[in-house]
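Both complexes shown next keep subunit A, but they swap its partner, so subunit B is in the first and subunit C is in the second.
After this line comes the complex of A and B, so read on.
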């Protein structure tokens, strides 16, 4: 007897079962179809000549010798590619904020930037020729680190600084500062996260072929063929219908493959120019040294607590190295949005800034905002030790519980059904902390250092509708005339097993054997638009679509069967491919018999029922669905060598309805493996000339199977508000893994003190730093040198600061406010232009702001040349904008507080 | 990641191989198990004119007893050596060290001679050869040479092997039955090159150490013989051994450097500890009070 699935409201037939994956027989017998498996008639191969320097002007490119190599068909530079109009877009489907060339034009901005493309009979020949291309560079000093970015020359000549994006307040609010400084307990946590490589097992790659004047077919390893078609269409300005994108199997993506970047785009353009199919497969050297990396961030979080260990106030300052050409600027706003969402914190402020540098541009990576969980959860443990309170208890006192909801986070995010506190309780019910503490104490007496780490988090998943690129998903389900079921889905798997989980859902809700369901995906000519894998979304949204479509289809079968069998539709059930009438076993019919009639015998159908058995449903779920979790991990640190051994790891997650526990646990395990890598092993080192110095897996250390423990899983199964009750689970492991492990290590090391600055990875050298109280790893010396360098260059930093800072009101200056002003506000969604009309009357001001979206009237106050007023807006969310403008002569500047979004800068001039 | 063009020859005899190397005048590279050479070719960090594949020379394979020791043919696969009964009986430390060379998959292809001849300073095989007092036998059209392993290594990936010379055997002298084995390495992941490692053998005779052969790997530009520690140990009674003091002498002979994975200071600090720990455990001696 199957238990009822709360999110479904019915007994489970396949939902919740560990069925075997439909993908595996193909993948495990070598019959997967990856991009490099594609070979088209007449296909040629590409290789790139890349910049050996991080920054410089291209004086000349001589490709004569390369062209002379037998087997070389063409050598293209930016000048050649310019024949096809192509605009690089971001993940958000808008043009990049700085001009991003496909092949470098007049200058290079990072080591490995593609400068020329060779087309040849084979990759061997293409590489031979690429090495013969002579480029004369005028080298300049690169901006490599975050410290360089703050004081160095602008990476992009069109900008006056290196700030790619900024949110929050440059000057901390006085009341907030007072609240923090006046609190009985304060803790500061700084986390320095290195740059890491994306390292999917299948590197980037594309086969591009122009099939007609306006027809392009792309085999490309990606996260959604639909998104690729949309992106390429926008970049080319071609109608999307002419672009076919196929990606049957994908060997991991993690965010790197959201959309094409410089290399893939160059090959696509070259294929359009050259007319023959072109293939480029990124090799591992290219992947490690030039594929868009992740992270490289530096955050300092301050937290204040009262005497009971309750949160009082917090502030953070956060810098992100975005490289030269990020796939989308990451200003850390998402991290800020979720940093304190699960906790009862009365007051919070932040400053977060994205910086351009002469390094490879950032791409999203599984849990792109993960720093918020890492810094918060490690800071909370630090605080627990400082206050002398159990870390679990500290969280208990501050987490938002189910009984507290609905409520809103400190930044205004509505919370309805998050369950981190409940996950934590479930975790500690299943882990005897007291017994561990006893074991830990005994071990310490023998000179063995055990540690327990606990962390909690929430994760926004299944985003839909809040950002234009994140849409609903479509399920098209049909019962074939044979009675078998075919579904074409807008999903896409990079190892997620969507062909399995969607088949489970369909079989369950339709009442057919799992083996009878086939799911087709991975081709934009099939099914409807869907953004695929990005933001832990497919199980929730496509799962909901599949459930609804299957139920609608079952209703049609029931209506037809009722008509044929002269029964009441309510008495008809479908089970394992058989249609039954309640209480009349002899009337049972197979689904294939019913389907045969539905397609082939229209005369036998009721009048209002069309022929065939097919349904499609596009599901638009709630804008966001939260997943929660609490994890615990036990480690032993070898105090002699600084090595960490993970002894146990328990995951207590709540991803709502679990479609397939094996798939869910696989997702969590994969994320945790990446988390373990980030904490213990992974770092993409960059030297001071901008060279990435780990060019093979001998130097770039990924966690191997020997580094990953057997994880234990607890599932909480609190249904979400979406159809089926699922919550996304793709990214969570990579988000909660790092703080769980760091906390365990910090607990083990607590007899030696606190990890002062948490710089990852926690290599054996860095762990010995703490144990021995000396700088064995050299990290402290490096931090000191950097801090010194920053102190020495205040003038440069000042000069690089963005324009528009509110100047102090200059008394006595003759400034007329009345009239029309052209103003630009810098918001997370881009620059917003408006015209402001002001009329002053003594201490009051009134007027309107006019923008393409419409006019809004305001009234406010005037004090000298400072004008303040509030405006309420509904889009993109309900917030009150607080304007604080200073007028000086013919220019205006100031700040606009955007509610939970921090502050935006505004500048303008008199019209 | 595709090699630059090269000529490929696969001789079947040692003399034929030596002739190819002599004719190439320095432009040839020898392909043994390919675990290092193939990536270097693919990365174009190595661009030889000729690749001399010695996989088809039967005389380079196999393990045999010879001249009061054990002769290991350079083309013996690491996996075969690991499973070899002669090695297990006479040179158990070789077996222990081999189990740390790469991974199952790479050991199926990688060879003992390839690792010895390459001279990666953090690898197990060169240090083991140095520690045990092995002799490396090489041949060219000019004749043959026998080079003591501790004179063979000049720097990272640099040896006294001339471009026209081929390693034809590694000869390990016998250590008496019942000798004490020393081995420990610290590597970030199983199968990685060591951050620091120590390998060796001790002969204990009547309660005193009568012979010692110990070498470091990952502690300098070459495998490094722990000469001062060896000298201090020989003649010392087990009860009189101060493991900590010997470990300090051992580290005094090293010249580790900083790299992306660990600092020199880490290597010295941890090297000293693993040396002392290994010595104590092997000799079953207690920590000096």
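After this line comes the complex of A and C, so read on.
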């Protein structure tokens, strides 16, 4: 890399360099310490007996035979675990909204739900015994698919429906609908994303030991030992400090290992009850069939363009299968928030809903909101073909450029320094599109189908401060008496290489050799709180913390050296572990000499300096830092077999200051490989009884080296506003990879027509569907059957006729509006009761709404029996509520628009 | 369950063990002999993480029973580097090419490459890449692994870059 590092300047010594990783010598020689490598004296092993059905009542559990197996120490069921109070929490550190047991209590809600836990001398014996546990079930019909969820019985008896969360408008805004329907160009894109497995190569696992009466030590594979300690302490009602969590090496996580779930929690409780260290290591069969999976989403996006290809309006309807016990309900709001954030779109509306089903509960996966980029970017290419405009040009006309900023997205997201348009220009400068089109045309004449796909996006990274769990990061840096540097960081690596990148930053800013810096992390008793690897944040925030702490420490060294050497601190520099005085080379001292004095000879220090050389700094960055990128890939589709070969892939990304290009490119490459897997291979099918039918890596296909091309990289380096100027890069590849590849395939297939419904993965048989113009894969038949079933299904409770429309203004009946009305508004946050007072005067109305939060006056308009007025509120956020009420006899009904939160129904009657 | 007495050489040291007939070689190496560098990613022969060298050949230790390894000579990832810590050429090349992130798949990849490049073997780039298609890495997107394989093939053919 160049010596001039944006945000750092020309003085960079290690930042921006492809230095070798500190982690590698250990990991290459088998000296990693993963959770399964931990063995404690007296440790026993666990295995689970799991539900073979997706839904039903547990009638009885007989574990007599299991207990009789030699080497078995105990069999625990929910009844046993109940002796320890334990409340499952979500990723956001609040109790789950539906009761989530550790081991199933009186009923099971998905295939593979753990029902009993066996403790034995070895895993072999524990599994033998688990298979001998007899459970009697009263089986019920499960709710498996999104379509089932909409019409089927509630998964959770305490709810009346299967909606786990909902945002947006149930009825599309009339003006928006008119804008879409009236536009000269319209395109609709439906994307069906299957359920997939995060598949870190190391499965889940925990070793739990109760050392000391109040202390629990956990070795656990995770994304942050601090998050684990916090989560487990909340679940157990213990102080966070009573729990020690150690996770030295982790074999990948990708969103699966944010916090414990049913299995790890059961083992933790069992270890507390049994009093001996317990180990549970998930096997791959368990991982594929019962670990919290990701995705399973269905979105339909409509976009309208004017004659110049400029965006006019858009609307989407989005459904997400959250399974029975999601780790945190994903209602798709994040996807909606970012769907049009990088584009100039005047009007947007959406309905997004999370559904409970009798399947394994959802967890995160690299870029959990990635559907927004997938549906938008593939829809834009579809539109480009329909309008007859170049896909790059279509984006050019609509992307927010640097010169447009500061501005805000259609949903109000502030944009200050995003660069997707600039990344796109850089990309096309480095790829000769005209030459490719020529080659493509020639190839087609020979019956070879080449395709080019381009996609752009922005990614929210380094979120801090807007969600309670997303905090800043702490760097504690010290120069030891020997002159060597130790840093204790709040970061955690599951392959991210933070021990390398943080050492680079510290060595750079402190002026010591990279080899002299050692970074410690992976143990909550050492570093300060940090949420670890979640949301592409560590390089940005911890990098900023490390820079600042190192600079503070350098200042202390300079102050001390100036005092000792009778020089001006301004004239002191530190370089490669030597302290120099400008213009007086003979006065140079080694850092170890200075450190020796700082620790051991307090008499020689200036009075106010304090002994030792230690500094800590917690960095609170801007609330969000955006990374931008544009990617291109070229494919060849074999029209005989339907196989896709990726011929070239270029990434043009802007992640600000690059600490280590090898690490940055590694993150992007890993994400892209996962993206390629999502498009071509990965799918976790579930049969109609709720059984996961991919149980091994022979059924669940992960990309191999032969599936992944060489990636080429172009780095733009627009410094962010955070210290050091970094931008997060952890998730991007998995977000932008899928649409880039889909677009290339769709371009290659364009002589055969459009992919009507984009259902992933694009297996050879699905590609042949289009090439041969018949339903080889059976997907079309399935979609038709599902659409038919939905039409026939009785209207579910929530799908009742929208109140606002049902009450069409009637002509004859005399309706009196004046007076007091008792009304209930159904909001995403729950029901809100209020009293309304109305006084009409010709075409105007005035009055007030009274609720426990206080009274608010309004004035508005009356048209027949329809009343409209606006109210500004400050809580929970500053929005204008737009009321549209229809009065009929003694009842009132209508709709309240809640800004970008969608709308709420309101109904009531005369008091 | 019957136990069997086996004796073998692991990383140059004699190891005698009493194992159940059903115990896999991988579990014996990890739990009995303490070579935890042998990683288990799938336990059904697809991911390659558990690869060790048995009598000179790369073998998936999750698919072999410990009793089958009686009187064999085994090398695990712990036995590759020099006693003074100098990395084996495969390890060194992997390091220089940033061919690992979490390091979980790494021991298997290293052992396959070590088996195929050992002694006078002069594997072609294609044969190394073909062998590597039996290893799953979820982190790296294989970029560094492929670069390492190419360099190792070139080194074997005498035209090292």
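Keep this in mind: the second predicted complex is superposed on the first by the 793 of 911 C-alpha atoms of A that agree within 3 Å, B and C clash if a C-alpha of one lies under 4 Å from a C-alpha of the other, contacts with A are read in each partner's own complex, and residues count from 1 in each chain.
By definition in this document, contacts are C-beta pairs under 8 Å (C-beta built on N, C-alpha and C of every residue); 3 or more make two chains touch, one makes a residue touch a chain.
Please read these numbers as outputs of a predicted model, since none were measured by experiment.
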Subunit B or subunit C, by number of subunit A residues touched: C
First, second, both or neither for A:696, with subunit B first and subunit C second: both
First, second, both or neither for A:643, with subunit B first and subunit C second: first
Touched partner set for A:551, first subunit B, second subunit C, both or neither: neither
Partner chain(s) touched by A:706 [first = subunit B, second = subunit C, both, neither]: both
Touched partner set for A:756, first subunit B, second subunit C, both or neither: neither
Contacts of A:105 with subunit B and subunit C, given as first, second, both or neither: neither
Subunit B versus subunit C as contact partner of A:593, first or second or both or neither: neither
Touching partner for A:124 - first (subunit B), second (subunit C), both, neither: both
Contacts of A:778 with subunit B and subunit C, given as first, second, both or neither: first
Residues of subunit A that lie at the interface with subunit B and also at the interface with subunit C: 124, 283-284, 696, 698, 704, 706
Footprint of subunit C on subunit A - complex, ascending: 18, 20-21, 23-32, 34, 36-37, 39, 124, 199-203, 249-252, 254, 283-284, 493-497, 662-663, 665-666, 668-674, 696-698, 702, 704-706, 708, 710-711, 733
Complex contact set, residues of subunit C against subunit A: 20, 22-23, 30-31, 35-44, 46-47, 49, 76-78, 80-81, 85, 87, 91, 94-96, 98, 100-107, 110, 129-130, 132-146
Subunit B-touching residues of subunit A, taken from the complex the two chains share: 122-124, 127-128, 131, 283-286, 640-643, 680-681, 683, 685, 693-696, 698-699, 701, 703-704, 706-707, 763-765, 768, 772, 776-778
Complex contacts: residues of subunit B adjacent to subunit A: 1-5, 39, 42-44, 186, 188-193, 195, 258, 260-263, 265-266, 269-270, 273-274, 277
